[in-house]
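Right, one structure below, let's go through it.
Which chain is which? They are A, B, C and D, in the order written, and residues in each are numbered from 1.
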Amino acid sequence: MDIAMIGLGRMGAGLSRRLMASGHTPFVFDRNQSAIDALASEGARPLADLKDVTQLTPPRAVWVMLPHGEATESTIRALADILSPGDCIIDGGNSYYKDDVARRAFLEPKDIAYLDVGVSGGIWGEREGFCMMIGGPNEEVSRLDPIFAALAPGIGDLPETPGRDGRDPRPAQGYMHCGPAGSGHFVKMIHNGIEYGLMQAYAEGFDILRNAGTAARPEDERFDLDCADIAEVWRRGSVIRSWLLDLSASALAKDQALESFRGHVADSGEARWTLEAAVEEEVSAATIASALFARYRSRRESTFSDKLLSALRAEFGGHIEGGSKSERA
Amino acid sequence: MDIAMIGLGRMGAGLSRRLMASGHTPFVFDRNQSAIDALASEGARPLADLKDVTQLTPPRAVWVMLPHGEATESTIRALADILSPGDCIIDGGNSYYKDDVARRAFLEPKDIAYLDVGVSGGIWGEREGFCMMIGGPNEEVSRLDPIFAALAPGIGDLPETPGRDGRDPRPAQGYMHCGPAGSGHFVKMIHNGIEYGLMQAYAEGFDILRNAGTAARPEDERFDLDCADIAEVWRRGSVIRSWLLDLSASALAKDQALESFRGHVADSGEARWTLEAAVEEEVSAATIASALFARYRSRRESTFSDKLLSALRAEFGGHIEGGSKSERA
Amino acid sequence: MDIAMIGLGRMGAGLSRRLMASGHTPFVFDRNQSAIDALASEGARPLADLKDVTQLTPPRAVWVMLPHGEATESTIRALADILSPGDCIIDGGNSYYKDDVARRAFLEPKDIAYLDVGVSGGIWGEREGFCMMIGGPNEEVSRLDPIFAALAPGIGDLPETPGRDGRDPRPAQGYMHCGPAGSGHFVKMIHNGIEYGLMQAYAEGFDILRNAGTAARPEDERFDLDCADIAEVWRRGSVIRSWLLDLSASALAKDQALESFRGHVADSGEARWTLEAAVEEEVSAATIASALFARYRSRRESTFSDKLLSALRAEFGGHIEGGSKSERA
Amino acid sequence: MDIAMIGLGRMGAGLSRRLMASGHTPFVFDRNQSAIDALASEGARPLADLKDVTQLTPPRAVWVMLPHGEATESTIRALADILSPGDCIIDGGNSYYKDDVARRAFLEPKDIAYLDVGVSGGIWGEREGFCMMIGGPNEEVSRLDPIFAALAPGIGDLPETPGRDGRDPRPAQGYMHCGPAGSGHFVKMIHNGIEYGLMQAYAEGFDILRNAGTAARPEDERFDLDCADIAEVWRRGSVIRSWLLDLSASALAKDQALESFRGHVADSGEARWTLEAAVEEEVSAATIASALFARYRSRRESTFSDKLLSALRAEFGGHIEGGSKSERA
């Protein structure tokens, strides 16, 4: 089954390599020739131009793995002109699910199928497999099953979930057909929203542990705790064991004070959209909102909000907070 | 009616002056002789030593107006030895209400009455009157009514609240007998907890207004707004008009960018206790908690929490966030 | 100066009456004839049909005061066909500011001016005046100044804000030209977002006061507090005095237990948009988000979220939470 | 090495059985004779009375596994009179860490060692091993190492954390000496605080997924998602895989609608104390606070807070919210 991978960054290269490891030979393309050459040297089939996706045997499958927004959008528009009826475009990036809905409407009259695939696994996916949440027409999802099966982690050595007899076997392999166009990225968006909440919960907990020796507390209630060991011990048998905890243990083992990090944390969009979806559905997402706002705050030296609080304290109480005396490290 | 004011800081001096303005002649004492002299020069009766409160005609009333914690506690302990059965100690500071409960238990066997009075009004109280929330025995609250009436704002020109006929007239004068020992400071504590929430709501709103011109939004949706004028216009007829808004308008008229403030915001304890009370009562106080945590965050350059988020992003996605490129002013 | 009021609900009728009280004679129109008749009997000039706004002397000013969304949008589209170059449409409802930006773009080629006016004051505005936040071209805002001045509360007996000498005098009268199209509703939207935060802060505080007698606390720390009196006492001299507190005092004086309310709280859109703006600007609005989510939660008997928590507790700890034993009133 | 287990509930019985499976023969005691008999029939040595712990060969180790609070406290007080210098009391329950500090001070003069052990693993620990966080003197922790090693999960098949060479090997076995008395329960408390945050993040995410088909959204953006399959697919390769997700998949596979749960969620204390510690340390714990408050809210039909919001909306806007019309399932 022919497939082309457009975009050979960390994720696109990883997907291509995992396909090759399963016996597939993807066509590969990137704006950056050296990225193409690297994959070609490992056995992939290089494309000199996006237009050359016509080399694939129809019905063609073209997997776009680019930053969401303009890069993805313009590539899909270009592919719509290049491809033929019966072909299929797969967006494996982190697109906004409402864009998927619009794209399906745009591609349907051209009889080009559109799949949106939310992919989780980060830089580890090449080795461990990618978790995939797929939106689009049933027929195409079935046709491309060998591709998804090759990319997915498979059952692995995880204990089977009781009560799944008779259910769709694909989720237990690590990929899932969620519903029509947009549903794949919708589920991936919520996945990332949850990720923000989980990360923030660990972060707050370790912050409290890290500051447990503070002089603000009675002397015999102060503890000088080893966060690296705590992360490690929780990995085994605790209720909060997780892959993110494994990564925390790894980061803290390298540098318990995390001194190489400045603490300005980026956000990549999904938590914003999760919040938007929660608002539209009238569902409370207080924890996820809180996690997103913590990242916003992390990127500011100070805020107008905080300054107004100080200004008000000066107005009603005569408290002066322009200086730095009360600051703690 | 004889009363002594112990502690002549901003609040103690203001209370003394308002008493004098109503024809009372308080005895005054402070560790700082110049504070005593200043009040004495305006007509107050100076005390050379705490012990000299015995000069008051029994039953004596001694109002302690000191920082909560050690200063207040040790002064009340000392007064317990100096005063006589039938006398009364009033704590007008921001004490923790559980300390009031303990003090009543300590003073009861000595037949010394104890009143806890939460006082709001800040540096404006001397002119406008102090809002007082009083805990303690009914008899003492009644006996000291002339003092409370003199300190309170009175009815003023506020419209009367409909439906209060037949109710206790004191709240409409600006003072209230809340219940037994501790209840005055409990009500004042909640007052301050609410204050944190209100301040934070205004602060967040003005922060969004202040940043409404950000390049992150489509060009024709960017606004360069005058926050000083906005605060002013909201003072008249809007649903969110309030005294804190008056103060916001005042602060913003002086300096719309609030550049003299660094944005490190102190907290003085009551919001912490409010949170504790909410937890004990199993009542959600998410907004007040959020306001308190914003102040904690304002005092840190960076947090271990944020650094762990960056560390995790590096672990799972290869994102490097040690640098400063993504920073916004 | 001729003006027509389209929509004679609570707000439209109040605006019309306040205009008449200042000597203006507005034209009035509503889908509901009896609403027109009522205003006409008080001196307004009735319009039999929307098309009859052509009766106004040009340049015409037509104030649309309808529910935001479809009702407002279709009326403005219709007016665009009825009115002539040089006329002006004013949207006084709670429109989404991005809709204003689109409307200006739509009306500009027709040379019809567009003003968006955020109006605060609710059912009290007719008597006390309406606080207005105005977006649109400077020329039109100036031309309509007599209308805005008549509707606004005026300076009233509020103390003047120090430091405003030489500033635009209109905000101190209760109306403000915020900027171009959309800016009026943007400022009103933030006003409402703040309102949500303020209301929630009071609500949480009174909830803690109301439950201060809970048996979950030590017996001598339980208080049976009178929330009506507390709201009343805070009105005088306290830091948290406000119009919303006046209303709280009024509501609690009528019924201290608020038993006539079920506690299902609606939200009308502005807090959602405030949150969206905060997200777009990368400004933390944790308190306002929390207030919005509390309203969502108030409208549900139970949530899937809560059920999953119970399910997880059953899975890892064998805790059974299907029953009702632990419920508190 | 002799050890007695006091308290044979779910956790105490599980610990005893895991000890027996490793070749230990614990003494066992419970108020409930049948609990003793059950364990005795499996090989444990029954104690007829708490006083009979003197049958253990000194230095004795007595593990108390009871509900925190009065049950644990009175048992430890009783043991302090029964045991001899050189013996050791272990509190394996979920005690408040400040109680541990007090207990150490109480037991030290009697030369009885005190260990506080936070134990995670729930009903699964017997089979998979218990994760243990230990506070107390180094000497005792070393002496009891065979007990801890037997109870812990061991390294298992988890990948080793890079960078741990030369570090204490015990955390990688699933137990850790955290520091002096109280530190074990402090770390366990934070563990549980994080657990609340993690659970709430998953819960919010699944709530949004569950409601993705709501009519409040445009028709082509509505999705009817299978939450059981989503939980399952995320188990494999996704960034948010975790043991709590395994349990979510299991619960949802049984009943995707979670209809057997009412959604009244208990909290057991640790999140409250985590919040208290965060407040004392001046560290933001907004996410954990939010998770705790969501549980409080889940247990109420309605709140005074919500009623006040409705009352205010009636006061300023004439909105009536006593009825049930706007309710959603």
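FYI, a residue touches a chain if its C-beta (ideal position, glycine included) is under 8 Å from a C-beta of that chain, and two chains touch if they have at least 3 such contacts.
Each chain and its UniProt protein: A, B, C, D = 6-phosphogluconate dehydrogenase.
Since we're looking at a predicted model, the values are computed, not measured.
Colleague: Just to be sure I understand the contacts, which chains border both chain D and chain C?
Modeller: Output, common partners of chain C and chain D: A, B.
Colleague: Chains touching chain A and chain B alike, please list them.
Modeller: Output, common partners of chain A and chain B: C, D.
Colleague: Measuring centre to centre with C-alpha atoms, which chain is farthest from chain A?
Modeller: Taking each chain's C-alpha mean as its centre, the farthest from chain A is B.
Colleague: Hey, how far is the Cα centre of chain B from the one of chain D, in Å?
Modeller: Their C-alpha centroids are separated by 38 Å.
Colleague: For chain A and chain D, let me know how many angstrom lie between their CA-based centres, rounded off.
Modeller: 30
Colleague: If a residue has to touch 2 or more other chains to count, which residues of chain D qualify?
Modeller: Residues 122, 124, 200, 202, 204, 207, 211, 239, 243-244, 250, 282-286, 290, 293-294, 297, 299, 303, 305, 316, 328 of chain D each touch two or more of the other chains.
Colleague: Report the residues of chain C in contact with chain D in the complex, numbered from low to high.
Modeller: Residue positions touching the partner: 10, 122-124, 199-200, 202-204, 206-207, 210-211, 243-244, 247-248, 250-252, 258, 260-266, 286, 290, 294-295, 297-319, 321-324, 326-329.
Colleague: Which of the residues in chain A come into contact with chain D in the complex?
Modeller: Counting only chain A, the residues touching chain D are 97-98, 101, 105, 120-122, 124-125, 128-133, 152-159, 161-164, 167-168, 170-176, 178-180, 182-183, 186-187, 190-198, 200-202, 204-205, 207-209, 211-212, 214, 216-217, 220-221, 223-226, 228-230, 232-246, 249-250, 253-254, 274, 277-278, 280-288, 290-291, 294, 328.
Colleague: Using the touch definition up top, name the residues of chain A that touch chain C in the complex.
Modeller: 239, 272, 275-276, 279, 282-286, 289-290, 292-294, 296-297, 299, 303, 305, 316
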